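Each structure below is given as structure tokens.
Here come two complexes built around subunit A, the first alongside subunit B, the second alongside subunit C.
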Partner chain A sequence: MSGNRFRSVGVAIALVLLATLPLWVGNSYYINVASQILLFAVFALALNVLVGYAGLVSLGHAGLFAIAGYAAALMLQAGYGHLAADTAAVVITLAASAIFAVLALRSTGIGFLMITLALGQIIWGIAYRWASLTNGDNGINVATRPAPFGINLTGAPGFYFATLLVFLLALASMAVFVRSPFGASLRGTRDQPLRMNALGYNVWLIRFFAVLFSGFWTAVSGLLFIYYNQFISPQVAALTTSAEILLMVISGGTATLLGPVVGAAIVVVMKNVVSAYIERWNLVLGVIFVLIISFMPDGLVPGSVRLWRWGWQTVRARLDGWISSPVEEHGR
Partner chain B sequence: MATEALTLSGVDAYYGDSHVLHDVSFALQPGRLLGLLGRNGAGKTTCMSTIVGILKPRRGDIRLFGESVAGLAPDVIARKGIGLVPQGRRTFRSLTVRENLVVAAQPPRHGEAAWTLDRVFALFPRLKERQAQLAGSLSGGEQQMLAIGRALMGNPRVLLMDEPSEGLAPQIVAEVGRTIDRLKAEGQSIVLVEQNVKLTLNLADEVVIINTGRVVFQGSARELEGNEAVISQHLGVF
Partner chain C sequence: MTTHRRTVLKGLLGAGVSAVALKAPTVLAQTPVKIGLLTVKTGPLAQGGIQMEQGIVTFLKEKNYTLAGRKVDFISADTGGNPAGAKTKAQELIERDKVHVILGPLAAFELLAITDYVRDHQTPLISLAAAEDVTQRKANPFVIRPSATSAQCCHVMGDYAAKELKYKRAATISEDFAFGYEQMAGFQRVFEDNGGRVVKKLWPPLVTPDYTPYIAQIGNVDCVFNGFAGSNPVKFMRAYADLGLKGRIPLLAGWTAMDDALLRSLGDEAVGVISVAFYSADYGSESNKRFVAAMQKDYGVLPGGYSAGMYVAGQCVEAAVQKLGDAGPDGKTLAEALHQISVADTPRGPVKFDKYGNVVGDVFVRRCERKGGQLVNTVIKTYSNVSQFWTYDEKEFLANPVYSRDYPPAKYIE
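Let's look at the complex of A and B:
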């Protein structure tokens, strides 16, 4: 089976499994875990645009995630409809992303990381201290979930399918983005910014648009998050959230489409499922990350692909040896 | 109005406080090949960096077909039509061969015949065979071809080539030489920076020698060929 055909079959099986998940999982708790995996996968995919394809490590994305959540929650609280609240939340997050970009893109590498960290902490500080607006540590409740085209999202399966649809859209947009000339130019700025400059590209502008693209999907995942939890508090904007998402991207594999999804699955399953059985689940998660970084430094997905290729080549070489050896003996 | 493809007039450039180019002046005629020779550290690559805007000149002027480009941003200069094949190739290793070429594409200027993917593949058939391969997995010679192809995709009015023979096997150097000759025959204006004197003398119309950031010789390739004293004094070879 050729690589492409193998991939197509794999994608088809994954789609069927995802589309029928509520049927074979049954338990609404696990359906909700799947929804969480998908919504955090969208967030991780958004961060991967910067970490993987632009080579810009952000530790402030939880701030953007929280801005989308708070903006929508506050507008819903003020009596606006879901469509207006969600649209405004995305626009506000894009504006905040533009401000983040203008400030953080003054630098790259450790400088970019530190500026985004500081910006994220400012958002956390506002969410925590500006209690008259954000209700401080008490957070804001989101009373209802939207009902697009009259479809009820209050139950676990309904919300799962809505999240799956958004996840597939995010994944498809990432696939198009990676293969587009813009995606190639962004990877070019990651590999050799000076060379891209000498080829006629405005490197800053390419990175700016990448931050906006990442900010858009961060906003969408932030909306999914508040509708899933029907609540938002400053904890969402904390540094630990940014670090957790970054770990999802790095452990799954940066600059891959599947890596952030696998990373999101590991973290969400550890937090929601393993934590029920193992009190010190953080320790287990830490050990898993150390093992991944030690044995598959480029992440679980690229590492597994390499391992699979090595295993397949070894098996094929042995098979070839067994098939050819009787012929050689006959020849002698 | 100036008719030269590229002129440098009294260019001074600095790395911080360090004065690296001193009053550098030379001119490239359209459709000609100017060889820029010099020892290691003489200032050849610095000169290229100054032309493409990576290093800003503190004094002097750089003109592209009469239009001043000194002090402009590198991306603006590139869009005006100066293409660079950098020293050490510097291809985008994580992009495929095809992506490396597509990402560099710029529309042609002034009605010149456009360099397209097909035309680059016709010039380098090996790149066509390897178009889906990652650039990082190519051999040194293939990466050099890719670096040249990438610069051509920008449809440059002036092509700067910084040591394209560096680190290549002799038969590959000969192949690169034939490619440069073909580009010249097609009317491409080229500045060829080299340490390989033989290759440069075979290809160049005019030659400029730089030593410690100063122009120490300017003349035709034939003139230099017969001047052993200049070659041994400034290039240390013959």
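Let's look at the complex of A and C:
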């Protein structure tokens, strides 16, 4: 009971902090960094559906991310409106996710990882080499950000609020998904695929829908990315992007709601803010990951929760012992 | 105001030195010029990126961190060599640090990712990256380029190979990316317009462990023009010599493929290579002598195009700030001033800009020689006042598509 109240207070505080961030952060640069954290958090949440809840590690998600980005950028360049371009981008990415799923779900574990890796590299190759379509490594510029309902997203705060809204929707959808029968069955396919099969669940189909669900939010984050950067080039589709997002998920904590968000925050802050002060920020990031893996192998969020509970229980045990039975203890 | 650790240090240093050396406290009364550098200090492009920083720091040191009576705040940012990083770091420099002008970035894709952004934020940018269209079909009033477009030097090489070296048949080889395409296209166009024929175009990937299969395809030609960049030219030239082609087919090179800064990594395989570049450490201008001496003293290296490009960029900032006088180096006015200036003495010779913001200046043809044990790129011919359009009509040039893998079409491929 008190734990629940504690949690709701925490959520309320976090919401207030996030909603007022542009006010207390001040400089638009830091607002932009916050937008980046949120958009990568959406991406990491999407990947976490597979990595965390389905037990399927994908190294090809940058490909899906880039498909959404390129589809929208090309449509916009061809003169379509934002709504049409974005809708088409999501549909195309879902179709690509379905193809990914059909090919990659023939196996699990390392096999799944390798197939997604190959698919991601194919997307990278197309983006890089099909220059007449994608403009090769010179990339495509996106001239404007959309103005949904007449709200201008050009400035840093406007874009931040739009990203925040999308992020909260993504987070809420994840929360619903985790609690839903679908989420439970997906976890079932992760832990006991054979038993799930014996119980009459279609393991393949459950995983297929999980890939689509993940692909949908990957597409949305891809759209946020191109609207944020107003530019897309093949680097986005590269393996390093996939690996970076996977690191976000793993370092924050797989199969948790907040893990990918925390992971995204660490990586984005290290890459963009700390790198201004420490030339060898890559090294620092590496050390942080090693520390996380060494001391909190299940990720920062579950690790911290464990640490907190352990600390709290130790303190309470001491307090209890001290209050209820000092005499007894001394009497011994 | 947010202040940078590095800025504070350098600012103090600069202020201290200038106050002592020049005894000119009035210098400090005017608002400082804030210069931001977008460079690459991590990842595969770091070598060129570090040279960029050395170049601009050398210039600022020489000026005691004071340009035209204004103190300089210098802030350096590492983009990591990717477009998204360049964008974020440009935001950091413009929105957080409020710089007046940005120098860099290094790679074309980084530049293309931020050109719209600097225009929207009215911050002038002095580019080193070579992407043609930034000063052509997508010219941007906030961007100038005192180095060269990808093809600017290669046009010269096409001319020199056809007219002076009398070569008839050429093969080209370069990395499979836009900088390579634009370089090779420029060479091919001028070479073929002067009677030559490009009979083979080879495109190894950016990361190629072994160039042997590509070199084996070169076949029967009078010369090979290569446009490699980064550390690839070192690998390529070694393979070229090892396979016995060095003595048989003369090798020509673009500026990144035979940059002076690369010479210390090269050996006999480089001797005799003829290259074109917008900068040569060998060049005899006063500022170049100072620059080369300072680079050797501070860093123990021979400067190349990356560091010289940034030194010249610094001179452009100085000239523009000087031109503005009391007006202050702000956004639009500074961008306009940067387009109008000309600098007479730079390490690459006199520099002025066309209306698209690209440099009109000297291009050097050099031959690599061994002098007293050291490799040197000796200037054998100087082409003066070379424009990005070469001798072509500007309108016609811009009406054509941008140089690419397929344009101009290679008609003589065998």
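Here is the rule we use: the second predicted complex is superposed on the first by the 323 of 332 C-alpha atoms of A that agree within 3 Å, B and C clash if a C-alpha of one lies under 4 Å from a C-alpha of the other, contacts with A are read in each partner's own complex, and residues count from 1 in each chain.
Everything below uses one rule, namely that contacts are C-beta pairs under 8 Å (C-beta built on N, C-alpha and C of every residue); 3 or more make two chains touch, one makes a residue touch a chain.
Every value quoted in this text rests on a predicted model; they were computed, and no experiment measured them.
Residue contacts after overlaying the shared chain place A:N202 against subunit B, while subunit C stays out of touching range. In the superposition on chain A, no contact is made by A:F289 with either subunit B or subunit C. Legend: residue contacts after superposition of the two complexes on their common chain; A:E279 is shown touching subunit C, with no touch to subunit B.
When the two complexes are overlaid on their common chain A, residue A:Y80 makes contact with neither subunit B nor subunit C. Of the two partner chains placed by the overlay, only subunit C lies in contact with A:A131; subunit B stays clear of it.
Of the two partner chains placed around the shared chain by superposition, subunit C is the only one that A:N229 touches, whereas subunit B remains out of contact.
In the superposition on chain A, A:N141 contacts subunit C only, with no contact to subunit B. When the shared chain is aligned, subunit C comes close enough to touch A:N32, but subunit B does not. Which of subunit B and subunit C touches more residues of subunit A: that partner is C. Overlaid on A, the two complexes show subunit B and subunit C touching no common residue of subunit A. Listing the residues of subunit C that touch subunit A in their complex gives 2, 4-5, 41-42, 77-78, 80, 82-85, 87-89, 91-92, 95-96, 108-109, 112-117, 131, 133, 176-178, 404-406. Taken together, the subunit A residues at the contact with subunit C in this complex read 27-30, 32-33, 36, 129, 131-132, 136-139, 141, 143, 156, 225, 229-231, 233, 235-236, 271-272, 275-277, 279-282.
Remark: subunit A residues 181, 184-185, 187-188, 190-192, 194-203, 255 touch subunit B in the complex.
Subunit B meets subunit A in the complex at residues 52-54, 73-75, 78-79, 84, 86, 90, 92-95, 99, 102-104, 106, 150, 154.
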